[in-house]
């Protein structure tokens, strides 16, 4: 099925875009139905660009809290399109760039895409591309303006382009009055159920025995998230996986993991 | 009639201005009387510039919410004038330009127009040309000042110029105290009746059968926009057409379209 | 008489200053006594500069709402002086200039004037020269400072200079604490009586018949400006003349003109 | 006597400083005892610099409302010192200078002064040198800092320097916390009595007859400044002299002058 | 044991990083159990980077009040890792660098680290690297953005990197919404018990006799920190050691030290 | 004794630092015990740097109101150290320097000091070095950051450095959260007793006779500072000495001095 196909993209499809591969190298864990829905929505967008004559340009926004998996999901959708032009635009590749340099780079990438009949560009972490800082606030308005205009600029006749932008701070886009730049948006949620955690920890084989695993789950249930003053369970999959690795170094991984989760939540 | 003539402009009149053509390539749907009125107002302005000796310069502002069709309408009026000089000034063509570069470009376009006996310049999306951002607010005051002065600068003796500016944020012009730069203004409204939606969807042939179409209309009526807490129906024609194309990919386009509209309104 | 002489300046006096001519090309309509008073005040200033040994420098400010006729009146006074050096400094001639360039230009014009025994400089639209924007507010302080210092700098021995500055926003000069830079000021008022409108419309021959003209005046009287919630009649002569030209294109100019005026007032 | 000597400075003393001469070319009118006091204070400062071994540097501030005569008085004191180095630093000579250029100029003037055993520098109109604008407020902090440091920098051994700075806005110096840069200050007041006006108008011979002069004085007394809602009489000598010259052009100078004064006061 | 090993790092391990050595040259005094815990946490992070395949990048934040020993502790952990690449990034080495230069330097150091299989970078005193100033506030947003992106940028395949950042102002990181850049954090506390002071003073041999030492401790107890209006005892180890050296010059070191501590606390 | 030695430093010790000499050329008057205390504290700091192995860097702040004698006292302490490297860093020597130039200069001076085994640097008038202006406030954050880092940067092994910084505005350092950059601080108070004034005036021999001196003191006592609405006596020694020189020019020095003091206090 499609879901399966997506998961095998990484191995099966020989796209040269190394950066995109690298952001999904820890894979996608299907810890809840929502993950399937997101990938499905992504595949519909891919089809719209491929098929509709009236919308040669579609621009979608993946948004969700820090570490919820936006980058990995956007990259997975992009790779699964098998479009001839697939590109990741990320702040990591522009460290130390001035505003003009960043805009020139963005401009070039979009111009390159116009040469391919079908293209997908992942514009990762908008708030970092804009150098967003809530103190002030400070940010690069010129990078924002360039992005907004590029997001709305039709490719030349016969060219089609899917843009997948991500952000962990959608509200700044609303405050900047540029939400209308996106045709649609896809929310990405953090993990909020013990079942999803269970699923993830099994997948990464944190514990040596089922007994140990069950003990950890029992402790989690006893933490009574969301009850009597304790915060709701809410953790990005990226943070969860990082906690798991830290716990792995500890003599008592179960205890370490649960206490990290409790500390995180409060 | 004039309306008809306008619609055929695109095909019949061989103006070389490719950009103008491109922004109207999806055509104008006459979904309400207001569309005719706007095109009619536009043609009166064209005649004023052509005929009055005392007003060789007329500057009008088309304003309306995001996606309401301002750019397509301004371009249509401009193309219909059949003036020898027709030009679209848009943010898309100035991505990454600094302030000075933008002003130089604007200056050049206006200077070029002064060489033609009759000219029309569409200055599209003022708020983007100004890099407007409500946070701060930030914007390019120097581009604004250049525009305001150019909007009021008489062409040399014997030259006549119509300026059609568009914006989705007229209030910033008021706040900047530059509304007096425009001789007149033309409001462009979003779609706000089920009849207009009906008209549009028929035109783009979203549904395969009349039955399907009627089912969608029925669902829309049942959504009871504007009643019992649901927001008023209010959607730009651009967004509506984009929703229609997304819905087209869906197994159940009628349901998909209506739910998009409901989500948009709330 | 002097008034008459002023009106004929344009035709009779061969000053090469084309720009000055262009701003008065629609002529001065003597729609109220106030117009005569303004021109008279202007001629007194001209005489003061010509005659008084103690005040080789006089700087006056014409101020009034947008389109009230400041530029045309200042230009008329300047041209009527018949001084050997007459110059218009306007934002139109400095589009795209940076601050330093503007100041250099101003400096040059003033320096040039010092070479002539008698000079008059019209510095038009101070708020635009300063790039004034009430959001912020933003403006060029360095251009302001240069202007204020130039306005107060005595010409060298034996040289005399009249400066006529205009602005539609006198209050910003007060806020900037530079009102003391002007020796005197001349207020220019918008049209506020139906009689003045009557005078103007006759002069520009908007209507084909007296009957039509009278119908329009009747409609204006019925609009009852300033009564029962309707705003006071208040329109710049520039706007009025522009409305007249628009109305001229309309099948029913009288109705069109009156509705424009009503819309303007509210 | 000293007062007399001061008045004759201009004619008798051949200092080459043309600028200083030009700012006092309308002379000093001894319209009140306060004028003598100011000139006397000035001569004491001159003596202190000439004589005291412990204070080779003295920095004084002349402050008073706009047009009260600060520049003319400072220049008169400076010229009367007959020091070998006398220099006027004024905004007029620095139009269009950037901050760095201004500071370089200031630096050069002060350095030059250090080469003369006895020097006096008039630094005119501090608020203009700083490009002061109350909106913001905006001003050149770097020029201010340079001035403050130069005002406090001792000349090299054996050199002595008197600095006479003027400003019409002393409060900004207080707000900037740089008042301690001045060793002393001299207030300059506007004209506030009908007797002083009487004195001035006689000196400039505004009226052709004593009768006319007396009529004007009578009208002034009847204006009842400071009574029943009318503002206090308060006018700078510079403005009064300018009003007198305007009135001179008028058929009825007495009436014109008094109405100008009344308008000024309100 | 590990603690012991850490202490001997400085002497035993021949890392060439002179700067790191210099910041720990006064050694680590084990004045409380918390010091051991911090060093232990550090060693767990080192092991995680060395061992976990899923987390080739770990970024930790040491934070605590001024002078609490953050730099010395981070350097000690880094040196104890015996990783082939160990680097200290500190504001001292970038005095006078502009923003671009700082970012280039940071970029270079991180790029260098990517060439080593195992690296640790100590990024010392974030608030100083950012030129943080609470007035405004002012800071270098571009340096911050570069740091945040570098802190989250995975090293290339097969490379592993531990980042130890320090700050005495963690709250600004929260205000800037960049706390999610750190995988974990380690609080460093100031000295808050008389026992810890006792321990430190013995170690640095401030007093010549036990009697003298005891007298000082007695005076400290009598100061009754935290009681009846006197502030809580709270002093960074760095400040305490500096006070001890000042006291050493005094005829009565005990009295001098105690009065310094009392003054510090209030 | 030490005090005496300090006073003779200027004459006896051949340090080439002319600038330092110049700031103390009016000498130090021992008008109160506090002056001795300050010089004593200074000599203890000198000894700490010379002797303690653990604190090769000591940074002290002399702070007090304008003209209280900070610069002269810091220079006196520095000269008395007889360290091989003694340097005054003052705003006077950096007039017109840009931020980068200032920082380069500071950097150079500190680097130079690292070459001498024992150094003392007087960093005079921090608020002026920072171009501090309370309006805004405006200041050079980059100069501040450079200073703070340099103040905390240990000299290389075997080098020792004493930093004596002065400011008349300590509170801005607190507001900027950089007070922890100083190991200790020395308050410098203005003169606040008639006895101190008595001492100073005798030293500078203002009056020709004891009788005259006593009359002045009597008048001062009668001014009843601090009583019935009159401000407290509070005057910097620098201002007092300047007032004395002004009074010296007056026919009645006693009266002039007392009235200056009364004016100063209110």
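Order of writing sets the chain letters: A, B, C, D, E and F. Residues in each chain are counted from 1.
The rule we apply is simple: a residue touches a chain if its C-beta (ideal position, glycine included) is under 8 Å from a C-beta of that chain, and two chains touch if they have at least 3 such contacts.
Everything quoted here is computed from the prediction, not taken from an experiment.
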| item | value |
| --- | --- |
| Shortest chain-hopping distance from chain A out to chain D | 3 |
| Chain C and chain D: spacing of chain centres that average the CA atoms, whole Å | 34 |
| Distance between chain centroids, defined by C-alpha means - chain C, chain F (Å) | 60 |
| Two or more partner chains touched - positions in chain E | none |
| Pairwise touch network: line, ring, star, complete, or other | ring |
| Order in which chains appear around the ring, chain A first, chain E after it | A, E, F, D, C, B |
| For the chain F and chain D complex, residues of the former touching the latter | 22, 26, 66-67, 91-92, 95-96, 98, 128, 131, 133-136, 138, 169, 204, 241-242, 244-246, 248-250 |
| Contacting residues of chain E [partner chain A, same complex] | 44, 47-48, 51-52, 54-55, 58, 100, 103-104, 107, 137, 139, 141-142, 144-146, 148-150, 152-154, 157, 172, 175-177, 180, 183-184 |
